[in-house]
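First chain A sits with chain B, and in the next complex the same chain sits with chain C.
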Partner chain A sequence: MPIERASPGLWTLAWRRLRRDRVGMTALLVVGCYLAVVMMALMGWIATDWTREVGVNYAPPVFWEQDQDETAQRSAVGHDTPDRPIALYGLQDPLAPVLAAIRAQYPQDRDLVEAPRRLSLPLGGDKWGHDVWIKVIKGSETSILVGLVSALLATLLGTLMGAVAGYFGHWVDDGFNWLYGVFTAIPYLLLVFAIAAVLQQKGVITLILILGLTGWTGVFRLVRAEYLKHKTREYVLAAGAMGASDARRMFIHILPNISHVILVQLSQNVVGFIKSEVILSFLGFGVPVDVVSWGSMLNEAQNELILGKWWQLAAAGLAMAILVTAFSMLTDALRDALDPKLKY
Partner chain B sequence: MNLTAFLFRRLWQMIPTLLGVVLLVFLLFNWVGGDPAYVLAGKMANPEDIANIRHQLGIDRPMWEQLLIFIRQIVTGDFGNSWATREPVSEIFRTRLGPSLVLLIPMLLLETLVAVVVALIVSAVRGSVLDRTLMVTSTVVMSISLLVYIIVGQYVFASLLGWFPVKGWSDNLWRNLTTYAVLPVLLGLMVSIAPSVRLYRTFILDEIGQDYVRTARAKGLSEPRILLVHVLRNAAIPIVTNVLMGLPVLLTGAFLLERFFAIPGIGREIILAVERSDFPIIKAATVYVAVATLLANLLGDLLYRALDPRVHFE
Partner chain C sequence: MINHMGRLLFILLGLWVMGAWAVPPEKVLRLELSAAETGFDPVMTSDLNTASIEQQLFESLLTYDYLARPVKLIPRLAAAMPIVTDQGKIWVFTLKHGVYFAPDPIFKGQKREVTAQDVVYTLMRFMDPKNRSPYKFLVEGKIIGLDELGEAARRTGHFNYDASIPGLEVLDRYTLKIRLKTTDYNFAHAMAQPMYGIVAREAIEGYAGDTASHPVGSGPYHLTRWTRSSLMVLERNPNFRHEIWNFDPGNDPDSQNIAAQMRGKSIPQIDRIEVQVIEEAQSAWLSFGKGELDMIGLAGQFAPMALHGTHLKSSLADRGIRLDRISDPSIAYYFINQQDPVLGGMSKEKIALRRAIFMVQNDEEMIRVIHKGQAVRNAYPIPEGVAGADPNYRSLLDYNPREANRLLDRMGYAKGPDGYRRQPDGQPLAVRYTSSLSSQDRELDEMMKKALDRLAIRFESEKLKFPEILKAERQCRVQIRLSAWIADYPDGDNFMQLWYGPHTHENNGSCYQDPEWDRLYEKTLTMPASPQRDAIYHQLARLLELKGVTKVSTTHIRNVLTHPWVIGYKAHPILPSVWSLLDIDVSRAPRQ
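This part shows the complex of A and B:
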């Protein structure tokens, strides 16, 4: 008796199609690399301390030789506190006894020498000599985490509410539509600004909650419209005739058929929220000052560019552009893989 | 249902939404926000000053009375004075609206026009090298932050090359349109066109896969006619919705553009207000922008109805 193999499911088929898509797999690889870096930064394996001032001020990137002379001059002059005894100037140091007492109390500190600062760094240094490479990694961690988590939160909220509203209709729909109406009547960023102005309390969690709890409306609208369209289609009516419950019809039958809509929207949300986070942090309404994000880096870079120090702007801008590009392309690939009916 | 009845019903339906907005704003600023008197009184405040300010602001009264005051402020349009500059809030909005519109209207018109045309072209040549190149380009272009465009664009085209003024505004509408608004509008378009093209392309391609297009082809219609007459009319429905949904996004862009280019518009005023914790301005802005958005949505629904005879409002 021949063994009948089960026919492959939706996701198996989608994965098979995705694997044949070279652009999609490349995008997946890039996004995977970013996520791996974020995970490693989260675990504290890399980029542990971005606040260390390892280079001279505005240390140029190693591949950029133009500023070397200027940097060498600056490092020859040394740091701005000359370690020369005040007695050389023929003055009595009024604080000498106090200083002696302090030095006697902490003898080990006397041997501390400032670590030599490097003249150039892999991706250059900022105003204080922080390593831009490490800042980019930490910035990616913050921005991606905020974007991803808030987008997942918003998409989950929007899908659930849209499914319930579109499927059940009547007063349930009215209620959710009222809420949707209230939230969309206020432009998204204005609402976020208003909440940020009121809260006065900056933090990554606050940021995620603000973005996630206000950003569900786009998903809601599309998902609700799809459910309105699908709930009267024959396959759903047939499922109902066979005794499928409401929840089964909503999430087993209809949801896979509209998953490409949700995925496109999820990707747009991740991209959108990363951009919102960057804008908020840039304006100083986002992450607190002790957290570095792409937005806070761009804020510093804005003034640096006028001085000709372009590397922090390039690093943060490129890191963001590459991730967002890869994420968008991955979503296109996913969409094609999940919905083979759309043949372009 | 005829148009008048529909309009009246929709305007009537706006009332609960507006009440929701008022309630949301009120809860945010009068309940979550805490006591602004301590901020206003400064660092060396004594209890009498604080009590005085609380009385002036009306926040020593019960919550329901404060809500009534807030509603009266909305209806009369008198939100009092800005906490930071003492300028009447209504005056601020009256004078800042013009510059914002000078920036927004050209942006909206140009964006829609260019995006629809480009989307139609890439749909007509779908799958070709041109299509793929344009799609990859637009994906890359939209992936770069508006902030980067503004910072680099302002530095290169205004500071280095001197093609445009770095920032500024004048009292002359024509001069604003042809000199000061050009670079901001172009930079705004850089980020807003690419996502629209991508989205409109998928809308159009969704329609191209439909049966009626096959029927039209079977009838022997030319490809341009199918695209421009049959497909575009159907794709116009999600496109119109998207343009109207994109208005807030446009406003988002305007926030940054106005701030960077020192354009005295509403967006810049709101950012200043958030920086200064200037609550009356934010409250008034939120409520009035909400009213404007609702009216824009109503317009969208009317267009939707005109474009798609299948849509009926129960």
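This part shows the complex of A and C:
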């Protein structure tokens, strides 16, 4: 008896094709590792104390110099000691009773003992003695998060606007095309810098908004074209004949059939926005001083490089280069895997 | 024979004509400013960068001898030092004859001579409320009748520049008598400030509303091109009088060397000065290395590249580059806005909060990490080299994070569930630190963030361009900032006035208004530099610490690098710029 087998769906076929692509799978593994690191950093399992000063200033990488602990440094502070009081020149200290009580209770406060610091670190230290390895991990959280979330936002906007423009056509299409024209008439990075300069409000959310609100044009163009093509196809007309509403036809019937285009575009945007975050932070428009990202590390490194301290630049640059390369390869593999013309 | 002679004469004549036509190479000095200028109306200026340009465009009555150390006042527009009588209350200045303003369309092609009436007009402008001059403190309350004119203008909205006041009497076209209310030991220094450069009334009135863009002075240069916050081109003032470089070098070998190269030359020697605003120290450093800038003030972060201890590295010295290094008569000081709703006020809780913030500032670390050793710890508001300085002064606010935290614990600044401290009434607590956009200021942001982390206080950053920071300061909108002040004149009063209550909205960025402090300060105004005045200064300095108004942090070391073709440079502690006193050796300058 013939056995009737369910024909595999688009995603099953795509996964089969992707699994056969060694480069694609390697890229997926690398990207997966990065995402795992980001998740762990987000959950607070790793790199929570990136601001801890564990090394001496500009501690070199461990292979550069023998590692050893520096002796704890002790320095006397608070010159106002009972045996050597600070003159008040006849004035009254309004905090005298409080300070007297504190000093009586904690006389050891005057001896400031600095914690011992390492003379070298695995990937070196920055000017404050922060561990560059920890900074790279924490920086990946910011850079990848900004890249992912802003790409999602841009893709969502581009998809929505492209769907509406392509599906309804006429003056609705004209209106969206005008907006698209305005955004694409200005060079992308110039537009981003202009908005960043005007906002003067640094922060991860600001960055996500800037990148997301300016980066939707590519998705819009592709999705609009797909909707123009699909809206006259038989399956859409049939759905209409069965009484499906416009929204249902747009998002339940057409959208799944063009989702591979959107997915590929999304992954391209992630790469682009990670790079944009790095450029913005490098130029001082990006994350604020209390947040570390690969871009802010590169910004710090520009002066360090002249002083011969190359390790922060190398670490952040390498981490970004590996991710961007892997993500680009994955995008390429996804495009191949999701191509409906390739059956097997 | 006659034929041969004729040919020879013809050739000689030809050579003479060619020699006469040969244009000597133009001498151009290329410089940088580390922050944007704020406009060129001297009465409205308060920053060093702008003053350095104005020093070349305008002329004050007096100036400082280029080579004399300690610094010494000498005449500039004045023909001689003023005649001072009546215990320093009457000052008679006689102007040089034949001093002309730079050519400007406002003069309709006529040469316009500087007169005593111009000096009167210039001095009056400082009290015109419309100008909101940050440097009016140098004449305010001093010249008989001038304050009253200012007061009348505040009431009527119109300053009467034609009024005759007993304090400013024009004796003749070139002679002016100034009558002071009381003895002022710093009045001569006031008359040497670039902000007190003499202006022409018709120029100020003709360019009303845009005087900052139309500087018309009698200095050795005039402004021929200005791209805001980017480029200023100064060219030799064709109306500048004949003046000869003639300074006494004393016993200093460097000064003697300069004098040997410069003495007898006319001023100025350089035809054109191009000043670029380069906020990023790295760009300036690289431009200097390529010879695109003739001299730079070395930013601390590049000191390890240029210096070996206090000497120039051999890699630079071998190229003929010279180092001029002095300890600036300057202070870097943190101040907190006393009128800020969160940090201001005189309750014990607020004082404790401010003092705690100051006590977590690690000056040694800042000197080591940010300034790369090109600054020294200085806790007193008056730096060394200035009358009234006290290098042995001990601060109450030295780095002590443990005690600072205990102080906040006791005063009710408890930590919330997020780990950050809250105000005693439970309201959130955050400190907003204002700084400029340069990479060095980003490092200072990091320092402040680290400091506030030590107290578990939230850090917020406000990034503004330098001119906007000055504006915000004057409007009492800055919450906390690391500011700097360099001596306009070598007297402690120039520093102590930074906290005088009536100077709020001028130079008193902390907007500190304390009758006790003001009363003590006013006592010092009529005192000469003396142990008695120093005793009061110590009280003033201590009050600033006790009330958590300010913490003086460091004194900057100035390292100026010059290429070998720049002749005659010596860093002056007071003069904001000395460009008109330099020369360029065009044979050594590669691109000229």
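Note that the second predicted complex is superposed on the first by the 252 of 344 C-alpha atoms of A that agree within 3 Å, B and C clash if a C-alpha of one lies under 4 Å from a C-alpha of the other, contacts with A are read in each partner's own complex, and residues count from 1 in each chain.
By definition in this document, a contact is a pair of C-beta atoms (placed from the backbone, for glycine too) under 8 Å apart; a residue touches a chain by one contact, two chains touch by 3 or more.
From a predicted model like this one, the values you see are computed outputs, not experimental measurements.
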| item | value |
| --- | --- |
| Touching partner for A:186 - first (chain B), second (chain C), both, neither | first |
| First, second, both or neither for A:25, with chain B first and chain C second | neither |
| Contacts of A:106 with chain B and chain C, given as first, second, both or neither | second |
| Partner chain in contact with A:156 - chain B first, chain C second, else both or neither | neither |
| Which superposed partner A:178 touches (first chain B, second chain C, both, neither) | first |
| Partner chain in contact with A:284 - chain B first, chain C second, else both or neither | both |
| Partner chain(s) touched by A:93 [first = chain B, second = chain C, both, neither] | second |
| Between chain B and chain C, more extensive residue contact with chain A | B |
| Which of chain B and chain C A:301 touches, first, second, both or neither | first |
| Contact residues common to both interfaces of chain A (with chain B and with chain C) | 200, 284, 302, 306 |
| Contact set on chain B toward chain A in their complex | 16-18, 20-21, 24-25, 28-29, 32-33, 126-127, 139-140, 142-148, 151-152, 155, 159, 195, 202, 205-206, 209, 245, 247-249, 251-252, 255-256, 259, 270-271, 273-275, 277, 279, 282, 285-286, 289-291, 293-294, 297 |
| Chain C-facing residues of chain A, complex | 51, 57, 77-80, 86-95, 98-99, 101-103, 106, 109-110, 112, 127-128, 200, 202, 284, 288-290, 299, 302-303, 306-307 |
| List of chain A residues in touch with chain B within their complex | 178-179, 181-182, 184-191, 193-200, 218, 221, 264, 268, 271, 275, 278-279, 282-285, 294-295, 298, 301-302, 305-306, 313, 317, 320-325, 328-329, 332, 341-344 |
| Touching residues on chain C, where the partner in the complex is chain A | 281-282, 285, 301-302, 304-305, 348, 351-352, 355, 368-369, 394-396, 398-403, 406-407, 410-411, 437, 439, 442-443, 445-446, 449-450, 453, 459, 461, 463, 535, 538-539, 542-543, 546-547 |
